[in-house]
Structures are given as C-alpha cells and as structure tokens.
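The same subunit A turns up in both complexes below, where it pairs with subunit B and then with subunit C.
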Partner chain A sequence: MRRALAGWAAFLVVAALVPLAIGGDRYLMLLANVMLMFMALALSWDVVARTGQLSLAHGAFFGLGAYTVALGHRYAALHPLLGLLLAAVVGTAVAAGLGVVTLRLRGIYFAIATLAFAEVLRTVAFQLPDITGGPVGISMPPLFDGDRLLSYYVAGAIFVVALALSLGVRYTRAHYAVTAVRTNETVAAAMGVPVVRTKVLTFAASALVATLAGAFYMPFITHTDPQDAFEVSRSVAALVFPIFGGIYTTIGPVIGTIVLRSFEEYLRVTPPWKEGYQVVYGAVIVLAVLFMPRGLLGLTQRVRAWRS
Partner chain B sequence: MEALPQTLLFGILRSGLYALTALGLAISLGVIGIVNFAHGEFVMLGAYLGFWLYLTLSGPLGLGPEVSPLVLAVGIPLSALVLFIVGRGVFRFTLRPLLARPELDQMLLTFGMAILIQNSVVIALSPQALDANLGWRFELIEMPGGVVSVTYARVAAFVLSMALVAGTYLLLARTRIGKQMRAVAQNRLGAMVVGIHVDRVYEVAFGLSLALAAGAGVMLIFSTQVSPFIGLATILKAFSIVVLAGLGNLFGVVWASLLLGVAEQVISQYVPNGAALRDGLFFLIIFVVLLVRPGGLGRSR
Partner chain C sequence: MALLEAEGLVRRFRGLAAVDGLSFTVEEGKTLAVIGPNGAGKTTAFNLISGLLAPNAGRVAFRGSDVTRKRAHDRCRMGLGRTFQVVQPFAELDVVGNVMVGALFGGGAKSVDAARREALRLCELVGLGAKAAWPVGGLTVPDRKRLELARALATRPAVLMLDEVMEGLTPVEEREAVALLHRIRAEGVTLLLIEHVMSTVRDLSDRVIVMDYGKKIAEGTYAEISRDPKVIAAYLGSEEPMRGAVPPSDPPA
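Let's turn to the complex of A and B:
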C-alpha cells in the first residue's frame, strides 16, 4: 500500500510538471487538460465495475455536469468553480435515486436502466428549448478567460478526487465489501455485507466524479448541445479505457486513457477512420473481453509469469 | 386535431414492429439469459440488407419503385436467413466461451459488439441516412367512409410483423426445438438432466433472435430512413417492452408493445408539446416498472 501511494504521489508530481515540458503549445495543453478529465471519468467507471455492475450512464452524468454548470451560469450567474460543487451535488443525488431503484435488482436491470437514462437526458435537453436551449445548445464564458494552464490544475484537482476514490475503495474495508459483492451477492449478504447499500454508495460516489468531469468540460469548451453533452461515445470512452488498461485497478484506467485517447487523437484526423474511429473502441472491448480480461496489466503479469 | 380512431389505429400499427423487435430481444434474454445490447444493430443490419435489395431490384433490374411487395417477400426471408447464420456464428465463437464468466463480461461483449457494428457501417458505407423511395411508403389505402387513412406500408409492416410473431409463438409452442427452448428458459439444469443439448438450443435461440431482428429491419425501410445510428432508439424501446412484460416472459411482449405504441401515439396527439414526453416514455416505463413491479406487469414466466 505504501509503495502504491508513493508511486501515485510521484505520478502527481510528474503530472504537475507536464505543462513545463509542453511550454506554450495550446494544442498540447488542450490535450493534457482533456487527458486528465478522461482519466477521472475512466477511474470513476472502474469503481462501479468493481461491484460487478455495468454502468452505461457515465457519459450521461458527464453531460449532466456540463448542463448543470451552464444552466447555473445562465440563470444564477454562478461562477464555474461553484458550478462544480453544484454539479457534484446534483450528480450524486440523481445517481443515488437511480441506484436505489435499480440496484436492488439483477445487474441486467441496472445496465438497461443506465443506458435508458443516458438517452432520456439527451431527449429532455433536446426537447425543452426554453430552458436548455434545445438543439442549439448552451454557451458560457471560458474558464479563467481560456487560460489552459490554470484549467489544467482544476482538471488535476478533479483527477485527484477520482484517484482518492479509486485508491480509497482499494485500500480500505470497502475493498472487501465491493469484491464480495462482485464475486457472489448471496454469499456477500450472508457474510454481513450490505449488498444494496454498497452498490448504491459506490455508484453515487462514482457519479460524483463523472459529473465533476463534465462540469469541468463545460466552461473549458464553452459551448455544448444535447448531441455533444450526452454522446454515447463518452460512455464508451469511460469503459473502454479501464478495460484496455486493466479493470478493477487504479493504474489500469490511467494507462488505458493515456494510450487509447492519444490513439484516438490520431484516428480522428485520419481517413477512413475519422467519423467511425470508435470502431477501434468496439474492437478493443470485444477482443479484450474475449482474450485479455485483465487488460494490459493482465498481459504484463502473464508475460512476467511466463518468464520466471 | 385528428380523431381518436385514427390515433388508436396508428398506435396499434406502430406496435407491430415493436413486438417483433422486442420478441427477439426477449428470446435471447429469456432463453440464454444474456442482454444483447447489439440487438438494435442487428435490426440496422437487416434494414441495410433490405435497402440493398431494394436498390438491386429497382435499379439494375429496372423494376422501378413498384418493388415493395418483392422487397418484403424476398427481403425478409433472405435477411432472416443471413442473420440466423450470423447469429449462430456469433454465439458459438464469442458468447458461448463467456457463459461461465461474470455477467459484466457478457454485457460488455454485446455492448462492444454494438459499437463495433455501428461504426463498421459508418466506415464501410456512410454515416448519412438513406431514404428508400418505396412505392408503398406514402400511398394511402382507400377507406370507405374515410374515417381513417393509413399507408400500405404501415399496414403491411403490421400484418407481417404479427404473422412473424405468431409464427415464432407457434414454433415455441409446437416444435421440438421450441419446446426445448422453453424448457431451457424455465430450468437450465433440469433441461440438461432430461438430455437437452443446452448449448445447441442456445445457439439456435440466438440465431432465431437475430433472424427476427433482421425481419424487423427490412420492414423499417418502409417507415423511416436507414442510418447506422438507428440501433439505440430501437433497442431502448425494445428494452422498455421487455421490462414491461417481465424479463423472460416471451408471451407478454405483444401486450406490452401495444401499450407502448398506443401510449406514444396518444401522447404525441393529445398532449401539447408532448414530444419530450413521447420520446422519454420508454424510460418512464422502465423506471416506474422497476420501482413498482420489477417482475413486469404480467405473470412472471
């Protein structure tokens, strides 16, 4: 545990110094900001997966965060940083409500409900133009007047929250509760683990982080619309990064995000992938589930075992 | 404002394709116990097969837009057969190895497959929506008295969907493989004990489920545009129907579809600015059913 924490402290120091290496390049700074944001999203999805649940709503909570900040700014002139707090509260409350209804049931119901939830938020944002701006979307002034160095540290703070959640679930008693629930709910309940409460709390805490990521995205990008904010591709990103890097770990989602998100940046500008770049994510999910269930980490472990 | 009979009729006609799509989903859920998140994408593939057939028949063969009956008569069995074979292959090589693994892995696989199929079509063909200029699409059926007016396409899609649903029920009720499917759905272990080859039944059930999706897809080109992105809306409605009927309740699907179809039509007709409510109805259904009666409205199983 100490080694892991020391390792993550070193990682944070390096991450804090990244802007120095980048210098003034605005594109690379944008990428660095987005990278931290997606790392937080990926880490938050993985925490739910540790309870054996498939969340297809992480993109939706991301969009919910974005809209909360934008609406807070439009109707109450709320500062983006206060908007982050408001979004966190909204996201956690909504997730708790959704979780209480669906997490008492089989995992199938939860997965279906989260997918439906994502689509319904998009529909609502789309169909209520008087409040949300409808298909045109919603805008707000940029965070710190577009200073990407300052925003990088805001994204960094959100990443630290995500990291704390992921490590917290790994190195406290929660780890045993979560693992027991994932392995066998009946046995977990028999051992005295409050199954439903564990799942709901994990989901709510995870949604908090996902909402924060979206709440950061909004003032960073300054404009969004229902199609963009509630894009399914963001839910896909939230789950493909951990799966590729190594599910149920903290380092896996981080590595997965760095590798795949960089690759995506290349694909997005390269024909014929441009519009269908996500085909790679689909393929990664299918192949990883079939042939490397523990992702890159599992692969390196296997190689190490084979060598010795 | 249009009359109530018209609204109800449109709602009922709408529910035909819903039932066909949802039945396929209910079979893979009820018999095999997996959630096929790619079901909507297989409907989409069926639609593209139908569209390709329409182009072939009306273009090179020079039959013009009057090919509608032929597209239905050839397209449905053809795409159903193709996807039946595809379904068996997909099951044998990807899903079967995962049956012993956690549910999360199975759901991730079908979800990944959905993303893979959707974007493969985007790359291989185009993200643009296609519009089939089929003869029946806008032609109205002459009605005595003129109380209601509907297009040939809607009626044909409804009648054929119901025929396929009825045929599937007959298959489940009367044939050997159908009875085996119901047995496996009821009790997997018991089915094994009495000598049913469970893996083979699963494989056929998955093929059947995709064949139904393909049939629904072909009929879809008569009512809407075809694009690589129609899968999501399709599957969400199908999910709400399956949840309403009760997971694994194959026979409740028709009533649940009827309820959704008519409700959607009534809302968009009579509720002012009802579009948001109509398009969000599937979620409301899922949420309320899970809250009040997680087993579905009908008897479970």
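Let's turn to the complex of A and C:
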C-alpha cells in the first residue's frame, strides 16, 4: 500500500510538470486537460464495476454536471468553480436516488436501467428549451478566460478526487465489501455485508466524480447541447478505457485512458486514418477486448509468467 | 427463553412446500442437529432462518425478538452466523481476506488491521494458518470446508448454522472437524447443524430434529430418534442410508 501511494504521489508530481514540457502549445494543453478529465471519468466507472455492476450512466452524469454548471451560470451567475461544487452535490444526490431504485437489479437489468436514465436526461434537456436551450444548447464564458494552464490544475484537482476514491476503495474496508458483493451477493449478505448499501454508496461516490468531470468540461469547452452532453460514446469511453487498461485497479483505468485517448487522437488527425478513424479505433477496441480479457495489466502479467 | 425460535415456517416454491409448518427451538449452549433425507427442506429452513429467503408464513425469533422482517446482513450482525453446503469462497480474495469479510462486517471489527489479526487467529484455529496468504483456488475440499467455518466464525455468531460441513471429508478429517466443533461449542457458540453423518450427529448433538417433506417428523435425543419407526421409514424410503450409524467412532479428543 505504501509503495502504491508513493507511486501515485510520483505520478501526480510528473502530471503537475507536464505543462512545462508542453510549453505554450495550446493544442497539446487541450489534450492534456481532456486527458485528466477522461482519467477521472474512467476511474469513477471502475469503482462501480468493482461492485459487479455495469453502469451505462456515467456519460449521463457527465452531461448532468455540464448542464448543472451551465444552468447555474445562466440563472444564478454562479462562478464555474462554485458550479463544480453544486454539480457534485446534484450528481451525488441523483445517483443515490437512482441507486436506491435500481441497484436491487442485477447485472444486465441494472445496465439497461442506467442506459434508460441517460436517455431520460437527454430527452429532458431537449424538451425544455425555455430552461435548457433545447436542441440549440447552452453556452457560457470560458473558464479563466481560456487559460489552459489554470484549467489544467482544476482538471488535476478533479483527477485527485477520482484517485482518492479509487485508492480509498482499494485500501480500506470498502475493498472487502465490494469484492465480496461482486463475487457472490448471497454469501456476502450472510457474512454481514450490507449489499444494497454498499452498491448505492459506491455508485453515489462514483457519480460525484463523473459529474465533476462534466462540470469541468462545460466551462472548458464553453458550449454544449443535449446530443453532445449526453453522448452515448462518452458512457462507452468511461467503460472502454478501464477495460482496456485493466479493471478493478487504479492504474488500469489511468493507463487505458492515456493509451486509447492518445491513439484515438493520433488516428483523428493523421492521414490516411482521419477519414474513417472511428472504424479503426472501434476495431482495435474489439480486438483488445477479445484478446486481452484483463486489459493491458493482464497482458503484462502473462508476459511475466511466460518469461519465468 | 430459547435463543432461537422458529414458529410455523412455510416456504413454497411454485406451489410445492419445501418447508411446511416447521417449528423448533434452540436453547443457548445446546447443539441441535437437523437431519432428514435429501430434499427434506433442511437447507431451505436454514435460508429462512438466516434471512436469505422470506417465508410465506411463520416467524423467526432470536433472543426473544422477532427477526422475520430483518435482512440477512442484519441477522448476521445480530449473531446468526452460517456456512454454506456448497462452499463459495470469494475467489478474488486470498484465504485470510475471505475471513476478513466476516470479521469486518458480521463481526464488527473496528479496522482492517484488527480484522486481519482476528482472521489470522481463526485461520490458525481451523488449521489454515500456513495457508492464510494462499489464493482460495488452490485449496482442497477439506481446506475449503475449514475456510467456510473460519469465515462464519469471524462473524462472531451466537448461533452458528453449519450446513453439512463434514461432506466430502475422510473419516480422519471428520474426527478432526468434530473435535474442532467441540472446541467452538466450548467457547459458548450454540450450534445448529445439518448433518448426514450420523456418528457426528451422535457425538455433537444434544437434541435432533428429523425433517421429511418439509415437516418435522420426529424430535428428541439421538438415542430416541434413532429408534423412532417414522425416522427409520423416512430413511429406508430414500436412497440415503443413515451413513455412519452403525460403526461407532472414537470419542472426541
């Protein structure tokens, strides 16, 4: 545990120094900001996965965070940083409510319920144009007047919250609760583990982080609409990054995000891939899931086992 | 006052009553054995008492208070511990980690470190001390039974329900297990056991209830029920003879 914490402290130091290496390049700073944001989202999804639940709502919590900040700014002139706090409260409360209703469902039924939740939020954002701007969307001024160095440290703070959650679940009694619940709910309950409470609390804490990621995205990107804020591909990204890196870990979602996001960006801007980059990207993910069932971490373990 | 009381428990599966009006009491410190042919409803009765199944009728009282509506994890924390006939260890935790789950949640251990100490003590007690850091996948059947027992003990039960903990053990291992259960009982744990091995029932139980088709057909001491014609008929009518009933076993160490 000490070694892991020391490793993450070193990682944070390196991450804090990344802008120095980048210099003033606005494009690279954009990527660095978004990278931190996605790492937080991926970490938050993985925490729910540790209870054995497949969430397709993480993109929706992201969108909820984005709209909360934007609406807070429009109707209460709320500063985006205070908007982050408001979004965290809203996201946690909504997730707790949703969790109490749906987390008695197991496996695929919970996944479907979370997908439905995402659709509901998107439809609400569409259908209330007087409040949300409807399909046209909603805008707000850029965070710190578009200073991508300052915003990088805001994203970094959100990443630290995500990291604390992920490591906290790993190195406290929560680890034993979520692992028991994931492996066998019946036996877990007979051992005294409060199964539903474990799942609801984990889901709510996870949603807090996912909402923060979206709450950062909004003033960073300055405009969103229902299609963009509640994009299904973001829910998919939230689960693909951890699965690619290695689920039920802290390092897996982080590495998965770095590798896949970089790869996706490379394809997007490099000819000849840029025309159909999503096809190539999708194919790589399918192959990865088929041939690396435990992600990159599983791959390194297999190589090590093969060597010895 | 009885420590544990079941009153008129009924549980139907698609109209078929697996448990059909079952009543019994367990006195503090007295071991009660539940025997009966396969399919008699013994495990279903355990599930009703531990809260994993809700009864269609009847009630369960523990220390005088009605726990019929309490959920399984609450009953465990109150002191109703159990093992499972089909042992299902948490595959992604090591041996001591499995026991720690019981210590942390059922047993109310204050910290992860305290839970680990308690779990290691219990691993020693059941004979898994040397294997505490093993992954559970590497355990033999008898070791899995030991782990199952250690996990249940970690929840600090007042009543420990044991669902065929002897199943799959050799006669020597059985004798060790009986000796271990005597030690556990000496620590003040009240045992409620489902058991097919009659020598174990004889050595451990103060009283025996016999179930058949979801009903209690006999109750008494081992000597009484082993002479009961209804009990003999229930067993002869099934393919399960009263294994171990004939050859006597050594007294517990």
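Rule of thumb we're sticking to: the second predicted complex is superposed on the first by the 285 of 308 C-alpha atoms of A that agree within 3 Å, B and C clash if a C-alpha of one lies under 4 Å from a C-alpha of the other, contacts with A are read in each partner's own complex, and residues count from 1 in each chain.
In this text, a contact is a pair of C-beta atoms (placed from the backbone, for glycine too) under 8 Å apart; a residue touches a chain by one contact, two chains touch by 3 or more.
Values in this document were obtained by computation on a predicted structure and should not be read as measured data.
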First, second, both or neither for A:Gln53, with subunit B first and subunit C second: first
Subunit A: partner with more touched residues, subunit B or subunit C: B
Touching partner for A:Ile251 - first (subunit B), second (subunit C), both, neither: neither
Partner chain in contact with A:Arg173 - subunit B first, subunit C second, else both or neither: second
Partner chain(s) touched by A:Ala190 [first = subunit B, second = subunit C, both, neither]: second
First (subunit B), second (subunit C), both or neither touched by A:Leu105: first
Subunit B versus subunit C as contact partner of A:Val289, first or second or both or neither: first
First (subunit B), second (subunit C), both or neither touched by A:Leu149: neither
Interface residues of subunit A shared between complexes with subunit B and subunit C: 182
Residue numbers on subunit B that touch subunit A, as the complex places them: 29, 35, 37, 94, 97-98, 101-105, 107-109, 111-120, 122-123, 127, 232-233, 236, 239-240, 243, 247, 273, 275-276, 279-280, 282-283, 286-287, 290-291, 294
Residue ranges of subunit A touching subunit B (in the complex, touch as defined): 49, 52-54, 56, 101-102, 104-109, 111-113, 115-117, 119-120, 123-124, 126-128, 182, 232, 236, 239-240, 243, 272-273, 275-279, 281-286, 289-290, 293
Contact footprint of subunit C on subunit A as seen in their complex: 172-173, 176-177, 179-180, 182-184, 186-195, 248
Subunit C residues touching subunit A - in the complex, by the definition given at the top: 50-52, 71-73, 76-77, 82, 84, 88, 90-93, 97, 100-102, 104-107, 111-112, 115, 151, 154-155
